[in-house]
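What follows is subunit A paired twice: with subunit B in the first complex and subunit C in the second.
== the complex of A and B ==
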């Protein structure tokens, strides 16, 4: 987490070195290729973590609960543990390529089906929270940098740091305690809500309030701090003096000249820090029993459901990797200086 | 005449004193340091100040979820144990995991960063490829995977946090090493016949260490948060005699302390985490500005 303190330098160091001609395609290919290699590594890691590292996966899965000999034999056959490790790996790979992640030990349904079922709620929660957090962070960051060292700057930066230091789940529990009874604290809809669209949407929104606030509260701080520091770096720039010398109002100088430039590192960071948002989502969904991928991960680890855990591991890690490739490409598209050179 | 070695030590002493003066000029850094010293002392002397048997579920003397009283200043948990005692002992666990995991993570990062920068070419390419991979990988997801398949315990938690959090420091150390290796005194040392090991340990490492130190300070905070998250998810040390702040929050959550209105059960461990992390961040930022004059304001 310490990397938030010098983010712009990091982001700038990441910018590709200037190259002449044909750079764009090459850049694209390198980044996409790098992403593919990472995805392949995630798949290998998934196998190593859940099949090789536990020694005996069946023992791990049945730890702490009674299992008959038949059940154990069935599990072993299902996971193909009787075959040599290398054959198991190719089997795993072959199935993965066909979208088959095996069967969940606890839910008794294909892992892929379970994950697809839970994808929607997570996208809804994470999407909403990210949009709000980015808007809030950018606004606060801009204001506090522009009025550096005022009371607003000091208070908002301290609040951001304090929220940043607090574990997500604790914040969620606090919110739950503070607003007791105003908002539902578990699940996504009440079972007795009428099935028409508006009633459902309203009920989901009502359930979403607390998880969204929690996720926003932990996530927005990084955007604010990054926006603040990258705007501060632009503050002394010559072009701002020029803009002011032209007689532009302070407000316009900020909106048209300073902010667009400071926005660059921040926007890419939104995608680069997706891993952090995913971590926040896991704990938030667990605390509020929000039926998404995070809660699914928690259920899987509680029950040591290794096939399910492999599935959520690959999907969550894969999503973050894709986001990162996207961030790299976006950076190039957005920054004319990188594009032109 | 003073020997070169004594001279070197005196210079180091002077640099340290100057650094301390710079650090002491920052109120927030000093405040953070004071706070940390106090908390570490309390944690270290917990066995002297209190009786560990109070953590034993069977020998608990209070009723379940009692509100704060003279006997139990912060009330009791579901098993009737004193929350104050639990918080105090939780500090030991949380701080230990935080320190050791941060050291492990920074250690891995430093070694990989220096090697990547020093050897260049394919060693660098390979190591940085691995670093980038781990940097992108969401660390909590990997930590969850690791601590699920390994045997639960303090060692697993430390390993899971250390293995998942080193990449940022590897990048930082690599960048710093690259700038240092470009300086003439490294070239001089090479020209005089200094081997890889000599250059790395005698010249690069001492120059990189201040940066490493700052990063460790900042990393302890995030390691403590990571530990609490893993423990909250039930992946911490399962022994009730070894509570951590994260596992306290887990039991508060499982015991529905929120619904029961048992704020005394919920608040102490969470606030303790926030305070300690904030203190480490304050110290780290103050140290950072000592080392990096560009960050000094006014």
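== the complex of A and C ==
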């Protein structure tokens, strides 16, 4: 968990010059610049990574079907695979400059269109799960730190850890079997749900229950543990003694004084994880056949759909980079100490 | 102040995350063809499929599920019969060939209509085939069928004349969906997704496609064989096969296939579920690299040169026991090895007669190797003719049942005859690449055969070997045998079906003798459906076959709801023999129960509310703290 704290440490270590306005601008530029460099690397890597993997896409596509030599050659030409790798790379860069991620080999539609189609369901599912997991984690973390070493602390911490270490795949299937018949087993809506808004929304909510529970169960522990440990650090602090000396109720001491200060590392963690929201939960989406980006990535990998893989890779990595930069900036906003130094 | 804004921002973000995406997909799917929903009297067959559809464009789609749906949506000139998969009339009522076997005249049935009411004429197949001849994109999926076409012409409304470059026995097996000219001639991009609803000629036509979710088909009232008994077929996508099994038990879907033996056995006790153990059309094999070479005969790859000796290959073949693999690896859900063409294709299938047959016999294999001069070296490993120990690699698909669980058996058997084998499990694509380049000694492989055996037979010809880069073909065992190639071209030109069958059997005998591959067995296809809702489905072939992924549309077309039996069968001309048309009075079980849905919504609503209130309180708390501090 120590990596979570890096933004502060980094920011403190960098020690921008005393001139205040210039410092802020430089800080911003450094962070954004760093993000852009990472993005450039991701773009190059995204191309190379999937092309050094074994597996000729045309071979994978034609395997097991009647395909003559002429047809294979035709397919290679159609997909641009007959050109040398370096020419393919420049084609790719040139298209990317125009915001074009190429065309999917398997689906024969633009990759951008494919990704946008799948973004909605993923944001919905993973977004909801993240919000619930954060809220649950923070609440449980606060409570167990405040009452550390009580039975509540021990039980809730071990439950969180146990769930965290359960394989998502297993948990998902277990939930599905245990609630047999109450919840749908696949997808986002039933195929025969009437098309009106209310019926659809209701059906989507019904389909979301199990995947959301699975996702929440698997991730909330990290929020709880970080919250718990950072609150424990604050608990010996002098200002709490002062607050108590003022005669504040224990509840208020916790809520107004201890928690806000302990919240900083958790906020960073939350924002870092927001980047991964887009990446979704590949496993959860696979278990529940949720038509999101994670499922798309999984399928693309299986079918050696190179443009689609590269596209999802750039989008997923891009989201993490953007959220990272955002977390850095946010940290400066939230913590006056980072600004002052 | 700033912190308050941040908190407000977070709250807004949260609510946006929760509400906006709900609205978007719900709004998006309000579009076409949804008149069907609602009514309880619509009879829907829900099919769970575990493979995503690549495209519903008949010129592009290559996936199993995509072709399955398109086979149901578009009819062909000829179709494979339900009975035994011999070609039977479909859009073409009859056909004849010229003396020189190069001109085929198909007589197109009169009075047929597309699902939109337009007449089906000879112009439609002519348009479809010509489009494929002219347009590279239109050849993507089925291009190999038109390769030998010289010209295609509709001489009148009901006559289609096809001229081929060389005689083609496969002309009654053209697996090309015929598209309506009046729709497709106006499309600017042949490769684009077709508009919904998609005008078709099969028993059902596609009305809606939600990617990675479901495809809906409606009964085609104009279908020339007569409309199906049910109203709709929905193909529901499951990424996870275990979830699909659960879905079947819960009643979310009615029919699923490609179960594994564990899932299949687990369903045995469910009183509502009928299990179907069907013959499969896939053969599993071990390739033995006989000295891989390119199409022009240049040796490639890293195959062990000792395997060029036919005696060594035959001894290896003799040391592999198909029956044990069937029992132990496939749990009995497979058929033991015979010839190259799986027994499901009863016409073309061949099994070695006693005088040719190699029984599993380790002693005989050892003796064969002794006679052939492979002396036993130290450590129980024989030496090849150069005096090097016989060490072979066995390339396997990681995660595949037969590869992972059958591999150790094969390693064990070959050890008994003094051959040291190392099992190398790698990814599927790696296996494909290595075998295509000839970089293997032994390798697991397998193909799904078609009712017309031409394609799988062509895999073993000299011409099917790759180019110098190890590309441009899908070779199998790298066999290059004069006798085999001669028989191959003979069968392709033999228009008399019985004579052709005889040639194909001879080819299989050659393959068996050359032992560049050892057939391991043919795994069954395991399917299951809800017998409380469905009387049954026509299977192909009729007594032992599959419901889904047929070479035709009989299974879905003849779907019979419970109490409306008997299930129809179709004769050797593809016409319905028995049709239990009882009056429909059974109500379809409603797919979902509103009670739990409502409950769930309340729960979710509650959670969201708690979160919002929590966020608000948190924001207030933070502001106060900030105030306190200042």
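Just so it is clear, the second predicted complex is superposed on the first by the 282 of 341 C-alpha atoms of A that agree within 3 Å, B and C clash if a C-alpha of one lies under 4 Å from a C-alpha of the other, contacts with A are read in each partner's own complex, and residues count from 1 in each chain.
Throughout what follows, contacts are C-beta pairs under 8 Å (C-beta built on N, C-alpha and C of every residue); 3 or more make two chains touch, one makes a residue touch a chain.
What you see is a predicted model, and the numbers here were worked out from it, not measured in a lab.
Peer 1: Quick one: is A:188 in contact with subunit B, with subunit C, with both, or with neither? Answer first, second, both or neither.
Peer 2: A:188 sits against subunit C, while subunit B stays out of touch.
Peer 1: Answer with first, second, both or neither: which of subunit B and subunit C does A:173 touch in the superposed model?
Peer 2: A:173 contacts both subunit B and subunit C.
Peer 1: By residue count, which of the two partners contacts subunit A more extensively, subunit B or subunit C?
Peer 2: Residues of subunit A touched, subunit B against subunit C: more for C.
Peer 1: I'd like to know which partner A:116 touches here: subunit B for first, subunit C for second, both or neither.
Peer 2: neither
Peer 1: Contact-wise, after the overlay, does A:205 reach subunit B, subunit C, both or neither (first, second, both, neither)?
Peer 2: second
Peer 1: Which partner does A:304 contact after superposing on A: first (subunit B), second (subunit C), both, neither?
Peer 2: After superposing on A, A:304 lies in contact with both subunit B and subunit C.
Peer 1: Using the superposition on chain A described above, determine whether A:286 touches subunit B (first), subunit C (second), both, or neither.
Peer 2: both
Peer 1: Between subunit B (first) and subunit C (second), which does A:320 come into contact with in this model arrangement: first, second, both, or neither?
Peer 2: Touch partner of A:320: subunit B, not subunit C.
Peer 1: Is A:70 contacted by the first partner subunit B, the second partner subunit C, both or neither?
Peer 2: A:70 contacts subunit C only, not subunit B.
Peer 1: Could you say whether A:275 touches subunit B, subunit C, both of them, or neither, answering first, second, both or neither?
Peer 2: Once the two structures are laid over each other on A, A:275 reaches subunit B alone.
Peer 1: After overlaying the two complexes on chain A, where does the subunit B footprint on subunit A coincide with the subunit C footprint?
Peer 2: 53-54, 60, 173, 176-177, 180, 185, 286-287, 298, 304
Peer 1: What part of subunit A is in contact with subunit C in the complex they form?
Peer 2: 53-56, 58-75, 78, 106-109, 117-118, 120-121, 123-124, 127-128, 131-132, 135, 173, 176-177, 180-197, 200-206, 208-209, 255-257, 259-260, 285-289, 291, 295-296, 298-299, 304, 330, 333-334
Peer 1: For the complex, give me every residue of subunit A touching subunit B.
Peer 2: Touching subunit B from subunit A are residues 1-3, 5, 10, 13, 34, 37-38, 41-42, 45, 49-50, 53-54, 60, 161-162, 165-170, 173-174, 176-177, 180, 185, 274-276, 278-279, 282-283, 286-287, 297-298, 301-302, 304, 306, 309, 312-313, 316-317, 320-321, 324.
Peer 1: Where on subunit C does subunit A make contact in their complex?
Peer 2: 2-3, 6, 14, 17-18, 21-27, 29-31, 34, 36-38, 42, 44, 46, 48, 52, 54-55, 57, 60, 62, 136-137, 139-140, 142-145, 147, 175, 191, 193, 210-214, 216, 234, 236-240, 242-244, 246-247, 249-252, 426-430, 432-433, 436, 447-448, 450, 454-455, 471-474, 591-592, 596-598, 600-601, 603-604, 607, 610-611, 614, 621-622, 624-625, 628
Peer 1: Could you pull out which subunit B residues touch subunit A in their complex?
Peer 2: 129, 132-133, 136-142, 144-146, 148-150, 168-169, 171, 175, 215, 218-219, 221-222, 225, 228-229, 232-235, 246, 249, 252-253, 258-259, 261, 263, 266, 270, 273-274, 277-278, 281, 284-285, 288
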